[in-house]
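Shared chain: chain A. Partners: chain B in the first complex, chain C in the second.
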Partner chain A sequence: MEKLYIEPTKGTPEINFDPAQNLLILKGQSYPENAFKFYEPIFHWVDAYLEEVKEEVTIEINLPYINTSSSKCLMMLLDKFDEAYNQGKKITLNWYYDEENESELECAEEFQEDLTIPFNLFLVQED
Partner chain B sequence: MLPKISSGKTAQESNLIYDDSTMKVIVLACLVIFLSVFLTGTLSYSIMEKAIVNKLKSQDLVYIIQSVTTKIDERIGRAKETSLVLAEDPTIVQWIKEKERNPQLTVYAQKKIKNLAEHYDYANSFIVSSLTNHYWAENGKIIDTVSPKDPDDSWFFQTLHGKKTVSLSIDYNQQRKDTFVFVNALVGDLNHPLGVVGVGLSLQDISRQFQNYKFGGNSNLWLIDSQGKIQLSEDLEHRGKKISEFIPAQIEKKLALTGPADSRPIVLQYTNSQHQIMDLIVQPMQSNSWKAILQIPRRENLYLLDSIRLNTITSSVFALILIILIFFLISKKIADPFKRAMLLNQELEKKVQERTQELREKNQKITDSIDYAKRIQESILPSPEKLSQAFSDHFVIWKPRDIVGGDFFWLKSFGNCYLLALGDCTGHGVPGALMTMTVNSILNHLVEEVPWDNPGIILEELNIRIKETLHSKSTESISDDGLDLGICCIKEKQELIFAGAKISLYVKKGEELQLIKGDNKSIGYKTAKTNWKFTNHTLAIEENNTFYLTTDGYLDQNGGEKDYSFGRKRFHEIILQSSAVPLNKQQEIFQEILDNYKQDQEQRDDITVIGFRVGKI
Partner chain C sequence: MIEKKLLELQSLMHGEGILINFSGRFSQGIIEELGEAVKNHMQADNRPKNDIYNVFAIFIEQTQNIKNYCASKESCSCYGKILNSGIVSIGKNEQGYFICSGNLVDNNDILALTQQLDKVKSLDKDGLKKLYKEQMKKGISIDDRGAGLGLIDMARKASTPPQYSVTPLDVQFSFFTLKVMV
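Showing the complex of A and B:
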């Protein structure tokens, strides 16, 4: 399986999904003009990945800002992991947030409510 | 494929080949070439000049002066020998002793001096006896009897008492316009000489040879004696004059410094009153105390340089023309592709302009279209009059990120009761606006069919109908749209019932701020469950109550130092701090604070904030 890497832009996050390490990183702001268009290839990749993955998977998310349509897409994405988790795959989600950016934690908590996978919230420390 | 370049040249095209910068390069290059050729020429000329002057001073002039002096020295040397041989001839000595009385010896002596003059190239030859004072000349006759009283004969008595075996005396003959050098030898004992014999040389022939050494009409060759008197010159006029008439005084002083006869000649240089550089070379003679001086104007000396200068200039000009010609040809070769590139560039520029124009027109069309859409979207929003009817005081900030947007608000009256809704549909711009139109229409119908004073039911029903409308046909479609909505039902200015789908109601009661959270469920999305019961919150309205509704656009606007979202906390603070202010003023505060926070950042999402009061004020 090939690695999925999408460079970050002003309105889209960095996607760094590495099947070799089973580490999936999503980092940056997400408010593309067409969120579905941006997330669609990620859905397909994740579908294929979840079918063949055997090892434990770690997802790392750090989203300073996510607009409504992106959050719908992210929800759809995380639902796929949730489903896989419920079918017995080992998946952990680590969500990083900055205390000063209050909407980050709010957003994370909303996702946490709707998911069953192990969900860890980490406070990002200032340098 | 390169675009085809038309062969017909327009004025503009040909201008392109040699535009300003090309011309500058050519002019600059020509200047550089000219300068370098000029420098090379000047440099080689000056090096040549230096070398030639150097050679002239150290070799040519020295050679000339030495040839001249050697010739004269040789001539005088030979004359000295001849005089000595004559003086030591025993027959002659005997003849003088016998006071020239022996006729046989007289014939011998006559023959001897005659022979010297005739065959050995002497102008004179003579024997003067101190016993008889007879002066025997080369013609074999006594031409004079010397007398101490005659000043013309003083040379004889001076020589006689000079006690020098050989001495020279110079006689300038006015009649013959000739200088004679007499070489006198004493006969017999130095202390008691019997007489003086010798030969006379005319220097006319030497003088004639001077002409051969001359370079041009303005050069001079002089022979001066120890007193600075010109004894010999190729120019007869100079003879007998002082050297100081012909050279500057300071140079004349230097002449006196010339060393002994065997030293090298000295070379002097000065600028005369006509600003000509003059070279002067001085060589002391070996045979006497005279000096030979050669004076040559530098210009004449360097007649060779004139031809070198001419050659240098000719070859420089030739090289210049050749280089410029080659450069011109090369630059033309270079200019050709350059011209092609320029034309190509022009062609592309034109294309870009066309495309830009096309895009501008398309953009204008789209903008016009969206502007029109904005008018339609605005037409579904409640008018200020209607809002004023419903509320005692209110403000609305409605700022779509683009011209139109997904945020909308909605008002419907039922007698003295009002339903106010604030919605935020997914997306912004045109897609968002289309959603608002749909939702607006559904809402309008819906409230006729369900109990209008139950916002929870309205949300629930709206959810079902939107899902039906948006997703009935395309269950497989990946698109998933919906909205957040908050609804307030205001009954008789007494009671407010609120239900929210991810939109909250802020109630300012005096100094307190109450947040009434909507349910954490959106409406219309595929995942939204149709059986969700939205919570109704019922409040009694008090006179000092101010209510606020906002979509997430205001709260999520990025800015500040770290470029984070504005956030709910700051929003709360604004409400708390501006409670005493009339709502139209609060609108300004809300806008100003957000603008300050946002700074140069773009608006991220559609923004809508509504504030209203119901009480009788």
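Showing the complex of A and C:
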């Protein structure tokens, strides 16, 4: 399976989904003009990936800012992993947040409330 | 004379504590640039990160709401008029930071908008969270420009309930404003 890499812009996060390492990284700000249009190809990639993956998968998320329509897309994305986890796939989600940005932690915790996959919260020290 | 008017405009902005103001057509590029400018301004002012991101988030939701509303009127003969009617101001007064925006809204859309806002204004923190989660569970498709979460999210991040005003202009339009404090 091909790696999925999308370069970050001001309004879209870096997407670095590497099937060779089973490491899926989402990093940056997300407030595109049309969130669904941005996330749709990512949904498709993840659907195909979850079909074939056998090994343990790690998702790493670090989103200092995410607008509401991106939040909805991210929920849809994480629901896919949740469903796969409930069907027996090994998946861990590591969410990195900045201590000084309360809304970032609150956002992460609200995702955590609605998911069953192992979900770890990590503090990152910003410069 | 424009020179004189500029001075008047500047005094008006200073008087209201407006730091950044934009009037005209909101493109994604303009929204990104203004958003970064707001962040930089507040960082230079040594504001807590939490305030910076709340102001930034409310600014993004307000401007993207206006942009999405304009897009929903693309087939309307008055599209151009709506497209250029947006204005947003970010400023600071004794109560804190404010993000205030305005745009033309079709009179037929006013009721649904004000009902949604009245509902959001009436809810407390827990009520807003519950409504947010309900709305979050609804599906989204490529035709949905927004997620229907913006107003709820702004109310959750605000220090006081959002305030709105509607000024009827003619049979077709009203000027709608929304002010959110952080």
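Remarks
Note that the second predicted complex is superposed on the first by the 125 of 127 C-alpha atoms of A that agree within 3 Å, B and C clash if a C-alpha of one lies under 4 Å from a C-alpha of the other, contacts with A are read in each partner's own complex, and residues count from 1 in each chain.
The rule we apply is simple: contacts are C-beta pairs under 8 Å (C-beta built on N, C-alpha and C of every residue); 3 or more make two chains touch, one makes a residue touch a chain.
For clarity, every value in this text was computed on a predicted model and none was experimentally measured.
Applying the stated clash criterion after superposition on chain A shows that chain B and chain C collide. By the touch criterion defined above, A:E110 reaches both chain B and chain C.
In the superposed model, A:Y96 lies in contact with neither chain B nor chain C.
Of the two partner chains, chain B and chain C are each touched by A:M75.
By the document's definition of touching, of the two partners only chain C reaches A:P32; chain B does not. In the superposition on chain A, A:N67 makes contact with both chain B and chain C.
In the three-chain superposition model, chain A touches both chain B and chain C at residues 31, 33, 36, 40, 64-65, 67-69, 72, 75-76, 98, 100-103, 110.
Chain A contributes residues 10-11, 31-37, 40, 64-65, 67-69, 71-73, 75-76, 98, 100-104, 110, 114 to its touches with chain C in the complex. Within the complex, the chain A residues that touch chain B are 29, 31, 33, 36, 40, 43, 64-65, 67-69, 72, 75-76, 79, 98, 100-103, 106, 110, 113. Contact residues on chain B toward chain A in their complex (touch as defined above): 424, 426-427, 429, 478-482, 484, 520, 522, 525, 527, 552, 555-556, 558, 562-565, 567-569, 604-605.
Chain C makes touch with chain A in their complex at residues 28, 31-32, 35-36, 48-50, 53-54, 56-57, 60-61, 64, 67, 129, 133, 136, 140-142, 144-147, 149-150, 152-153, 157.
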